[in-house]
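The chains carry the letters A, B, C and D, assigned in the order they are written, with residues numbered from 1 in each.
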Amino acid sequence: MRFLTAGESHGKALTVILEGFPKGVRITDTAINSELEKRMQGPGRGGRMQIEKDKVEILSGLRNKITLGSPIAMVIKNKDAKINPQNKDSLEEKNVARPAHADLAGSLKYNEKDINNILERASARETAARVCVGSVCKQFLATFKTRVVSYIKQIGSYQTNKTPKDIDFIFKKTKKSKVKTLDKKDQQEMLKQIEQAKEKKDSLGGIIEIWAAPVPVGLGTFMQFDQRVDAKLAQYLMSIPAVKGVEIGAGFSYADKRGSQSHDAIYYSKDKGYYHKTNNSGGIEAGISNGEPIVIRIAMKPIATLAKPLDSVNLKTKRKQKASLIRSDTSAVVACSVVAETMCAIALTESFLDKFGSDSLAQIISNYKNYIKTIY
Amino acid sequence: MRFLTAGESHGKALTVILEGFPKGVRITDTAINSELEKRMQGPGRGGRMQIEKDKVEILSGLRNKITLGSPIAMVIKNKDAKINPQNKDSLEEKNVARPAHADLAGSLKYNEKDINNILERASARETAARVCVGSVCKQFLATFKTRVVSYIKQIGSYQTNKTPKDIDFIFKKTKKSKVKTLDKKDQQEMLKQIEQAKEKKDSLGGIIEIWAAPVPVGLGTFMQFDQRVDAKLAQYLMSIPAVKGVEIGAGFSYADKRGSQSHDAIYYSKDKGYYHKTNNSGGIEAGISNGEPIVIRIAMKPIATLAKPLDSVNLKTKRKQKASLIRSDTSAVVACSVVAETMCAIALTESFLDKFGSDSLAQIISNYKNYIKTIY
Amino acid sequence: MRFLTAGESHGKALTVILEGFPKGVRITDTAINSELEKRMQGPGRGGRMQIEKDKVEILSGLRNKITLGSPIAMVIKNKDAKINPQNKDSLEEKNVARPAHADLAGSLKYNEKDINNILERASARETAARVCVGSVCKQFLATFKTRVVSYIKQIGSYQTNKTPKDIDFIFKKTKKSKVKTLDKKDQQEMLKQIEQAKEKKDSLGGIIEIWAAPVPVGLGTFMQFDQRVDAKLAQYLMSIPAVKGVEIGAGFSYADKRGSQSHDAIYYSKDKGYYHKTNNSGGIEAGISNGEPIVIRIAMKPIATLAKPLDSVNLKTKRKQKASLIRSDTSAVVACSVVAETMCAIALTESFLDKFGSDSLAQIISNYKNYIKTIY
Amino acid sequence: MRFLTAGESHGKALTVILEGFPKGVRITDTAINSELEKRMQGPGRGGRMQIEKDKVEILSGLRNKITLGSPIAMVIKNKDAKINPQNKDSLEEKNVARPAHADLAGSLKYNEKDINNILERASARETAARVCVGSVCKQFLATFKTRVVSYIKQIGSYQTNKTPKDIDFIFKKTKKSKVKTLDKKDQQEMLKQIEQAKEKKDSLGGIIEIWAAPVPVGLGTFMQFDQRVDAKLAQYLMSIPAVKGVEIGAGFSYADKRGSQSHDAIYYSKDKGYYHKTNNSGGIEAGISNGEPIVIRIAMKPIATLAKPLDSVNLKTKRKQKASLIRSDTSAVVACSVVAETMCAIALTESFLDKFGSDSLAQIISNYKNYIKTIY
């Protein structure tokens, strides 16, 4: 399985082609649109998000909601398209690089002076196309009861002290919360953080925890470095704009612990098969899923565009100039959590298809059942 | 550029083939052996490391120390080879899965009862083969003055409070220290941590910080998710056995900060070109290197094999049984730092060749110079 | 560079995303549409081709005709769309496999009874999406004066006895001919072949010769089997529906010749540099372009759908039944030649970008010039 | 599955790593050595082949002849090693490019004057490493009764007029013949061709036909151009040094035929399932194996090195000079046939694993059986 996205922030449309997805899977555009809507919600979003409402159009790969095994092409039209692929458009030239964006490094790499030609593709709007793929993958994983969910662990200086007991808990709690928190108090505190930052015309980042479960033991392998499912998840999650850290299970806190305190002892029972009572490994050992829930945290940096801009330089004049203001969200942590679930669902679907084949759902189910029998 | 490693921990040899590496680069086996030696050193290593002394043999790809552009094959013979590829060997069957290893998940995935057939490849010994590739890449990067270095930030519960001012500082300080610390006090404290854990027959993990500099602006791109250099670095570093977290620049601490405090403002001067006074981005913005030092931290979990083994299960009898003891290092953080530099050097070399071509060093230098002219 | 196409023959649209294409290249949709039109022309085409007129819509990757370096998404809407991705459509179930199509093998592979779900994607209509990519690549190659052209060497039992003296000759002659022949007599004879087959409700294949020139020495390499430009060209051309043979230069006729008669001796002159007086190698030696025109022939089997259908089987009843009739072209050799140029142009562009970098046209030109200086 | 080879013609050794090969397959080095020996035999080979006797050493990936699922590293030592990777060696500098070799194009591409540095890797000796992989794949395919065999169809101007009735026929006939012909008369005539060319100090090419059977229906797919098994086979076969043409089934002769004469009608019977009475498609339709034997022909150009050398140029002086003589085989068609079987076996194994999974032979067999049940 592989996919390519295309599209600029103010281009005509975002496009994505998903290739190698199995035949016979039921996929609805309503499920995709629901994920797209989640990506646009969340507190701390500015003006554009309010009016914009992304809708996917599926161009190919399905008949009557069932996949054909052929490439799935999906398009999201932009309502405020400004770029004209074949003619001169009205986008005003921009020459001042905004810090923490692609503007400077992108302009130098591609030898460009009009920063529009960099920022339009570098924009996080591209992630809407990924969300379409993620939703398709979630619908596939659901066939095996696998869910990928997430909650906000930290916004600004407030971090929750709750820990979810299982994936169902996260699923139920976050469904009710527009900040995707585990309880009301967390929600209140995080909204306060956003309110305070907004007043100061400042922006915030945060920490998101993603869970996937149940995940069958045996996805990924240690046989070659690039076949490990932890490495793939790290790549896919770090590829999300603004994400600067990824940790699995106990992650960075492993450093503080001794082996005897942190390694997950192994148990067996007839009905559960092999299992662990703890999950510091976050469901992955030696690059293979071990059957426990996959638990990953990612760190998101504060939104780069500030209402009170930082020092910068005009790339044409090379003179000092304040960065221009383009958008004014305070926080996009909730949106980022949807994209994080997306990239996680894609990575797991790929690993799943690697293990169980990918021609048709019927064959995958049959291969899957055969395998599951062998692991008890 | 791509590479494949092969070899089991007690097999005849580790082998690696590095393909797509440019012609005309000077590569010495002494430089490779020196990196291999560093990987085996460090406090907290048990018996095997003392006697074992890895030596690379270069089988192809070079003439008189100069690369031919052809695949570079390298072999490290194992002194204590036990596996016999074509006949019955004397390795005793093992059936008790060691927690935190590949043993359980690997055995289930591959439907195996003799854990030897899993652990032999899953062993971190494989990283010696990667170190050969990493050393070749470091020798290439040195042509452009780029160095990749690292130091130990934390072992067990002790974390240094020093921050290096530049890559040269790290290089000089760690050269003198067998724990790769930034000063003597850190070294003392970390050795104490190891000593204490060893007494308790326990093991320790830690945190390593890796720097690469100078790195030209423009490696990687945001054009497609899998082209980002941050995503590649995360993948390559998370693929190291026992690594459970990767963060770039301010990483997880970004969550605490507001945008105005954390984003790196942009400046310009005639002799420096564009630059930043801070480096919270860790040298990467929007998936592209921005010209500042690349700064990454990784978290390593404690060594999985414990001298005082944890609960586990015998895969044959399915009865409870203590995990067997195979090796008894207390900490491998220093070894891990060498592998981390390796994976970082490989990722950057690949991104470098993507940008500047890869046929021959002469052409790469010429392309590089042409580009550098355009970015000032 | 890579691309993915999507779309079924009677789906809503064909879609293609081209990724890794350099920034700064001038691309017009009129040039693409002109290639699309050529694909639909040629004698021997049945009804559908007459009314259908493909038009590309570029959704992203360009501004005012100049590429942004971002993925180029292109869409061709189908005028007679019948498949409904999200609802029941009116396509009548088909159960009789047509010989020489994907119908049987595809239905078995994907465990499908309604052959629509196989043939819709397997249809050669998909090649229209490739032609869009091919046209983009041709426009890129034109920057370096490189053209990719073709002519029909054989239709049915008539084979021309002319040999083109250079690429310009082919270009000029075929522009005037709707059968893409080298002269009028060939055209007459080939039209006669088509007319005769049509009368018999039969179909024809043929042989196409493709030329690309000038091609710089040094594309592709022998360093690893999958890096050879001949292997890539063979893969790309054999991937065209109905193509069953590929030969380069003297190809199969090499078998008849001795080495002394067939190998291209090497010469040097100040203004030409190194050159050959013959071109039996077809411009490729040891997997590398050698500077001479690349000359390739492909064989196309007769159109699979016959107006007078062959024996077959109903996949539902497993009873003997005549294959159903879907389309009734007599020959698609001219269309195939456009697709062949396409796949050739894509393969060469990829090899070109591999050698000279791919960030921006300006840098590619500069790298190219530096290299060219070294080869005289 | 993927593999990389390394090694120069007069380097220390050829090395190959095969990755992604399933666990639990029985592989013997004697079977590999037997293929290596076949590669060196055949009439028309000169001096070196007589003394040289390649032996594989398996370094990893197996225990007691059973694969571990880990990468298989194999090494063939060179008896006449001349290249020294780390020191000055005694290879005499060569400056005259031999026509039809990599010498000229390779030297220009890599900006090299000593042609040794090009020809050593470009040499067809590299194919010995591929043969090791091919033998491993043949041993895997044998589990499913699949064989890959070949015979010589043409050497010089003599082409056989026999056509094999099935794969067993080829297998039996060629086993007895040192020229791999279908009968004695062919052998006599082909030996005569070689004798005559040898006398004239000239060289010969030929045509080889490769068969693979039984091959299950459903390998490869038309869903994306690079997923077709015909395209993959074309790529793999065209990557063999000296191969200039590939045709599948009726291949180029399709051009002469009408659809009604050439397409393979479909039949069904209870014990055979779906089948065809003819096999013009060569076992592949629409990029998928259709269950019939895969039949491919390749064209090999005459050996490039001639005992009576052609005109050429000294790359240092740029003056006219006769090409130097390095080796003096007359024909290597038989060796080429072994390499052709190799590349075919590798391509089919990859497609097989794509369809049925690749973790362990036990699971592949179980998935395979489940699938086979569905296709009758």
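Just so it is clear, a contact is a pair of C-beta atoms (placed from the backbone, for glycine too) under 8 Å apart; a residue touches a chain by one contact, two chains touch by 3 or more.
Fair warning: this is a prediction, and the values are worked out from it, not measured in the lab.
Common neighbours of chain B and chain C (chains touching each): A, D.
Put simply, the chain farthest from chain A by mean CA position is D. Separating the centre of chain A from that of chain C, both taken as means of CA atoms, is a distance of 38 Å. Each chain gets a centre from the mean of its Cα atoms; for chain A and chain D, those two points are 44 Å apart. Inter-chain centre distance (chain C to chain D, centres taken as mean C-alpha positions): 26 Å. The residues of chain C that reach two or more other chains are 4-5, 19, 69-71, 109, 111, 121, 218, 221, 223-224, 355, 359, 363, 374, listed in rising order.
Note for the complex: chain A touches chain B at residues 4-5, 97, 99-102, 104-106, 108-109, 111, 121-122, 130, 154-157, 159, 197, 200, 202-207, 217-218, 221-226, 228, 230-239, 241, 244-260, 262-268, 274, 276, 280-282, 285-291, 297, 299-304, 306, 308, 310-313, 318, 320, 323, 343, 355, 374-375. For chain A in complex with chain D, the touching residues are 19-20, 69-71, 218, 221, 223-224, 227, 355-357, 359, 363, 366-367, 370-371, 374. Within the complex formed with chain A, the chain C residues making contact are 2-8, 11-17, 19, 23-24, 28-29, 58-65, 68-73, 75, 83-89, 91, 109-112, 116-117, 120-121, 359-360, 362-363.
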